[in-house]
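In the two complexes below, chain A is the common chain; its partner is chain B in one and chain C in the other.
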Partner chain A sequence: MQSYISIENLAKSYGVVTAVNNINLGIEKGEFFSLLGPSGCGKSTLLRMIAGFETPTSGAIKLEGADVTDVPAHRRPTNMMFQSYALFPHLTVGKNIAFGLQQDGLEKSEIRKRIDEVAEKLQLTALLDRKPAQLSGGQRQRVALARALVKRPKVLLLDEPLGALDKNLRTETQLELVRLQRELGLTFIIVTHDQHEAMTVSTRIAIMKQGQVLQVGSPAEVYETPRSRYVAKFLGETNVFAGGRAERSGEELRIESDEAGGGVRAAFTDRVALDRPFWVSVRPERVELSTSGSGLEGTVEQLTYTGVERHYRVRLNSGATLDARRVNLGAESDLRVGDRVFASWSPQASRLLAE
Partner chain B sequence: MSSVVLSSAAAPSAKTNWGKRLLIAIPYAWLLVLFLAPFALAAGISLSTVRLGMPPFEPLTAWDGSILNLRLNFENFLYVLTDDTYLLAYLTSLKIAAISTAAMLFIAYPLAYGIASCAPSSRSLLVFLVIVPFWSSMLIRVYSWMSILRNDGLLNALLLKIGLISEPLRILNTETAIYIGIVYTYLPFMVLPIYSTLSSADKTLIEAARDLGCSRISAFWRVTFPLSLPGVLAGCALVFIPVVGEFVIPDLLGGADTQMIGRAIWLEFFNNRDWPMAAAVTIVLLALLVVPIVYFQSRQARTQN
Partner chain C sequence: MTKPSWFNRLSILFGLAFLYLPIVVLVVYSFNGSKLVTVWGGFSTQWYATVLANPSIIEGAKVSFLVAAVSATAATILGTLAAVVMVRLRRFRGRALLNGMLLAPMVMPEVVMAVSMLLMFVTLGIDRGPLTITLAHTTFTLCFATVVLQSRLVELDPSLEEAARDLGCPPAKAFVSVALPNMVPALVSAWLLSFTLSLDDLVISSFTTGPGASTLPMKIYSQIKFGVTPEINAISTIILGIVVLGLVAAQLVSRRSEQRVSAA
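Let's look at the complex of A and B:
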């Protein structure tokens, strides 16, 4: 079945530098889709190709089945919210929002109606006569959003839209964006380098590295079952050990790891080839630490209190470090720096990863 | 939110320290000595009466026994404002300044736009080329134009050789030659401020306009051009004001039938030795120029708010 937006073998090079390398993606109608990756991974270039600001070197972009690869930016049914907001400094908020509608040649009364509608939705009604220079960062962000939304695009593209906001406002605005997206039923594509932001807002995330998409899935999928070391480390924190000889017994694997200094149990999977180099990973919040029992032996080297959690860094006997976390439930920590501990976790918490 | 914005905007630098005052005082002292004082002198002379001798004007004040007489002669001003020759000279100057300012705008804007859209590495070279003519004296450059525009000059020789004309065109000593000279000489003053606003413009604004449905041309007219207006106004003021009082170019390139006000002042001073009259013509010219300057200034201040 054809996706709402389908990106087919898309590539973009600047001279010898390949920014986007043969990407295939399908995005469905009504999705809040994230392109997540470090700076320079090609996520912004990909977004700019969807907007029509960059011409792909090869490949195609299709919207509702129609090829829009060669359609210039001003004729595409997409609108972009820029990282810098790109508000027109010589126009008032009202005229900024009206800009695209005037360009479409809409009737004055219709323009008025649509501006009032979007201004009310985004709490901008009182600010319509101000110039952008007279607004706070959060207000500018809302004007930029209003200016793009008022055109009723089929796809709204957001390029690091919350990067300039402080942390508290950012969290608030993320939830606001999700609410707005559900309410309008529009398709949003957002570019971000903030994994927390991608997890919060998205229906699906594409994790990118060096111009390629490594994995696509819902936030839970990519967090719980990362397919590669890179994805596992990029999304949240994780402990990774090189795997050695593996022995299967029923639905369980027992993996010898020199790096971890002992055996690690994992649920059997045929997704990862065990005859090639592979790794075992476990999230810090899934690790249990106890002063007696069995597991990987080590010493508590550092203890950090963050309020919500306590973070333990354990130096294993093998020399590797292992991070563990416990939710703060009010009790004092029974572990101190220097204590001998045993680290263990359930086989289901282990993930096998390819390179 | 609004209170935060207002308080930060309305908080003037309450603690103006002495260092800052001194820094401002130096240029103001400079202006006082080199601009205001000569202006007062000229204003004084304009209200005096011509006489033979040195200086060639009567003092404004004279002691008559124990009485200090102040004699202000307004006849010069009445004459300047009613005499057709001066009126014509003022109008000619304003007309030539207005037309050449418009011509420079038409040439300079595309030039500045072109330079600003080049790669940053080649921009500095192109800006450098715009100001290279300043390396030689303006007088030499105007003389070069005389030899280009003469009846047997380079231009006519070229046109005759190509066969575009069969007999030499008379360009030198006409108003056309004045326009050529003025536009050539003052063009950099129009290019540079426009270039500076265009090159510092935020390129993502153009992308935003394109994204919102503008073609390249409408993005230019709705975003680029309005944002470059401060540069356009600065450039116009920078060329219009000195061109009105221009003396050298009309004197060397223009003919006897084109009387600009700069030349009229020169004639009064040096040919007629009528200093009070020359001073009166100058003061009226200054008044004519102050009006547009104040207008531009207040416009500028309004757009910035």
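Let's look at the complex of A and C:
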């Protein structure tokens, strides 16, 4: 089946440097899709190729089945919100928003109407006569969004759109973006290096590394069932141990791990080849610590109080460290630094990972 | 802020005197009633009347201003193109060479440039006159204009033009409608710089001129050969006045657009 946007064998190199390496992606209509990865992973290059600012070295970009690979930026039905916002300093807010509509040769009355509409939606009505220099960071961000949205693009591209905002405003704006996207029913593609942001806004996330897409899935999928060590570590925090001999009994696996210093149970899966090097991971919030019982034995080395949670760092007998978390429900911690503890978790909390 | 000490005040006074005393003397003596340059003979504006009644001087001024205006305009346009290439195309074969060649005329001895241009015009068989002076002036003011425009373009966010293109504007129009308006102060200063450089050039003009096309500095120079007259003082004061007016205007333009861009 043809996707709304399909990216086929797309590659981009600058001389000997490969920025994007043979990417295949399908993005559906109405999705809020994230390209997530560290800086230099090629996510911005990919977005800029979709916008038409970079020409792919090979491969194709299709929009609603039509090949747009060679269509220049000014004729693509995509609009972009820039990281620097790129507001035109010599024009007022109103004229900034009108700019794109004027290029389309729309009637003055129609332009007026559409500006008023988008200004109301983004609470910019009172600011239309100001210059960008007279606006706060949050206001500029909204103007940049309005300028891109007023063109009613098929796809809105957002390049690290919230990077310049402070933390509280950022969380607020993320929710605002999601609300807008649902309301307008548009397709959004956002580039971000902030995993929390990607989790908050996206319907699906593509995790990128060194020009390649490692995994694509809903926030829950990529967090709960990462397929590689890299994805598991990049999204949230996790404990990872090298796996050794594995024994299957029914739907359960018992894995010997020298690194963890004992046996670890996991649900059986055929997704990971056990005859090749593999790893077992468990999220800190799934680990239970007790002073008696069974599991991996160790000593509480550090205890951090963050308000929402208590973080425990346990030094296992094998020498490896294990992180565990408990939600703060008001009670004092019964564990102190130096206590002997046993760490355990349900087999369903274990994840098997390939390299 | 600490108050300036006596030493500071004195050094500023000496510095300013060093720079501007000759000009003050020149201006004062342009209003001298006496025919002798160094003897004060009472206040008079007669030398200004003499200047304005001298067809040769007026003719020279016309040539000078025409050459300066045309070459400054050409240098600003070419300088803009050169700056765009240097700033926007980060990597291309021969970039370093082009950069060096753009800047070389700033440090090249003027006589060398003048002789080489004379040779070129003679070789190509171009009749020497206002046209050749203008071409020569465009060449040597171009590098100054490029430097001014390049430094502005470097500061200008390249995503401004990308945003314009993204909103449906073809590349060339995006440059004109988004980048150029934000370069106005730099364009004005590049033009004024080229204009003044052209206006007071003597060496290159003398080499590249032909019969009947003498610029003002050339006229002044040839008059001085017969001794300094108060008339020269008057001409110089007029030129000084025009340059000062131009500088003040440039300052006002750039300050206004700066306020428009940055201040609340």
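Basically, the second predicted complex is superposed on the first by the 355 of 355 C-alpha atoms of A that agree within 3 Å, B and C clash if a C-alpha of one lies under 4 Å from a C-alpha of the other, contacts with A are read in each partner's own complex, and residues count from 1 in each chain.
Note that contacts are C-beta pairs under 8 Å (C-beta built on N, C-alpha and C of every residue); 3 or more make two chains touch, one makes a residue touch a chain.
All figures in this text were calculated on a predicted structure; none of them were measured in a lab.
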{"item": "Overlay on chain A: chain C relative to chain B, clash or fit", "value": "clash"}
{"item": "Contacts of A:80 with chain B and chain C, given as first, second, both or neither", "value": "both"}
{"item": "Partner chain(s) touched by A:139 [first = chain B, second = chain C, both, neither]", "value": "first"}
{"item": "Chain C-contacting residues of chain A that also contact chain B", "value": "51, 53, 72-75, 78-80, 82, 84, 86-90, 99-100, 103-104, 134, 147-148, 151"}
{"item": "Residues of chain A touching chain C in the complex", "value": "51-53, 72-75, 78-80, 82-84, 86-90, 99-100, 103-104, 131, 133-134, 147-148, 151"}
{"item": "Residue numbers on chain A that touch chain B, as the complex places them", "value": "51, 53, 72-75, 78-80, 82, 84, 86-90, 99-100, 103-104, 134-136, 139, 147-148, 151"}
{"item": "Partner chain A, residues of chain B touching it in the complex", "value": "1, 4-5, 9, 202, 204-205, 207-215, 218, 222-223, 226-227, 303"}
{"item": "Of chain C, residues touching chain A in the complex", "value": "157, 159-160, 162-171, 174, 178, 181-182, 260-264"}
